[in-house]
């Protein structure tokens, strides 16, 4: 198993608040890893640091053996890291197609690809998430589920090796949630991406993830197979409080 | 560099990149008609009432300033409130080189945009570090401070009166014929700018800019090099605007910062973009002609009250027509700007 | 050497206090109304030229002319607020352009009716003569203007900290929606602020009119200073504006009087502000609120 992401002892402080405190993790190619933790545990901060939106106060991030701790976000994207957002952030004034075209064009350096070629590619991704019929609709006019799909298509269009999926389930009804899970599984199969899945809903991770990491107050408190983690007393306490 | 001509498009391959230009003659009809009108206008004016040619030249030049300004605004995502700074740069560069080194207009044509590109490049980081409102304020200040500098070094810049004795661009003997040639040159510059900016705004670079304008952080995380886009848009637009300064210098034979750097000129340029429907590049042409002819009519009818009345009318226009004249037209005849994919049967 | 230090200290104090008067209004409007009142320059021009108009046209004395000018200025400020700001607060480009147009119209009007050759002179000298402080000779009127600046700023600070209306203004600058929910009549407070900021500017203009040049385009120079001070001090924050005024005053006094190259004053201030923006983009102040 090839290790593609290695995070060593990263920390992030905001003034007096320590959001992430010395977290280390590693992800191997082809895995689906879950990242869990109560609200405020630092999951999104950690992901922001790995993707480059936030700078790392201390520690190291290595991707495919390369130290990316100081790289700007767009360079990390070209290397193969991408993410979706918890609250969808589409490009409101662009159509669905145009949004995906941007990432198709700029997410990966590929020679001999013109604007029109990128449009054709973008349609493949739109079709994958089921948004082909909405390709000319402005991104802000989509429903929540469609926006999540657009986020996924946009991320996939950058041809990532590692993709961070941030709380896909939030706000979806059970039918849509089921569709979303299957969509991500199909993405893994079809595009061969490694997925780091941030999620609250235990049930999803039980089925989908091979390994789960749990954060609490910015520190890693548990790591292992979903069954083990679910029964870990510290994890239960972090979610339910001391009894 | 390879060029491939297919049935419905041109394909350019340079290095590792590939660009496609669609050839769709059915979309050429309208632009050709308008360009035709624009070419015919100076000829007609030449025979009917030659002094109006200077207004036509002004109109073309105003449009030629507004078009790169639109590119700069869209590319950096901020409003630059001091585009006339680069007119000053281009104009003074051309004037100084012409007077002190005797360079002919052809050579200053190389120097002026170079100066513009250089200063544009130096100032472009402002679009990265300064947020929207701060950026607008500082860009507002730069031309005014440039004006102060021209007064400080008044032996070089000749302060209020400005530099004179600049070699004229055209000199074929007849004053009227000179004007006509100037009119065509100004029209050519404007049309070239229109073509360049239009192509850019329909290309992959435009989607990039649109993404940046919508959400910079997200654009950054999907692989768009935001800083590079901003710097390039700013610098290229600055270079384009400074060419207009070059033209002013050689056309009038004199150049004074007092005419172009203060806010009154900036407001004229902005009204051109506003009348043109807020940064729509075809609208800039409409706006340019409208403003130039309005100013001319006011000066002829009200004489010395015109510096007061002109801003009053512009203010009224601004408040009454926020969409601009061209914007009204656009609302009735909507066109798509970003290409959409049509499934071919 | 001693002379240089004395000159620097004295002029930093004098210029800084004066710039406080000039910039306070601009900064307040930024902080409370959250707009850039780029037409601010008109207030300087209007002060001088409306007063002169009453004096030369109707042959009124100085004091009645000033009173009439105040009334007109208040009217203009309210008209600008109702006509432009209220309607276009969401569309900032139109708002800024509109405000600039107002300033240009007034400047051109003044230029047309009272060209520079008219030789306007307002006898607003309160303290005539010169004084010698240490080795430096300064105009008494300038000292008066500086003290006026400090007094007015002090009054403003007291107003914002101690009075109910001042509290309302601060609340609006923190969070306008919550302020509305608390029952503060935001539009009325805005109108009050628009008229309030006229006072320091009018006082400053009248005070320095006898000693510094008066011409229709004088407003822009002062507005540039107001902009630089506001950007440096953090838009809308009075503490930051105070500190920034003295920093710019220091800069100007060193460049203008110690190094004795007054032409570079504007440029040097801009460079200082630019450096500040690179190092700390939000300005000196810690927050974008009034206090």
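The first chain written gets the first letter, and so on, giving A, B and C; residue counts start at 1 in each chain.
In the analysis below, a contact is a pair of C-beta atoms (placed from the backbone, for glycine too) under 8 Å apart; a residue touches a chain by one contact, two chains touch by 3 or more.
Nothing here was measured: the structure is a model prediction, and the numbers come from that model.
Note on connectivity: the fewest chain-to-chain touch steps from chain A to chain C number 2. Central chain by Cα centroid: B, whose mean Cα position is closest to the mean of all protein Cα atoms. The greatest centre-to-centre distance from chain A, using averaged C-alpha positions, is reached by C.
If you average the CA atoms of chain A and of chain C, the two centres end up 51 Å from each other. Centre-to-centre separation of chain B and chain C, using mean CA positions: 34 Å. Chain A and chain B have centres, each the mean of its CA atoms, that are 43 Å apart. If you check the complex, the residues on chain B that touch chain A are 9, 11, 13, 16-20, 203-204, 207-208, 210-211, 213-215, 217-226, 338-341. Only residues 36, 38, 83-84, 87, 91, 93-94, 96-98, 100-105, 108-109, 111-112, 220, 224, 227-228, 231, 235, 263-264, 266-267, 270, 273-274, 277-278, 281 of chain C touch chain B when the two sit together in their complex. Across the complex, chain B is touched by residues 51-53, 72-74, 77-78, 82-83, 85, 89, 91-95, 97-99, 101-103, 105-108, 111-120, 123, 135-136, 154-155, 158 of chain A.
Within the complex, the chain B residues that touch chain C are 79, 81, 129-131, 133-134, 136-138, 140-141, 144-145, 148-149, 151-152, 262-264, 267, 270-271, 274, 278, 304-305, 307-308, 311-312, 314-315, 318-319, 322.
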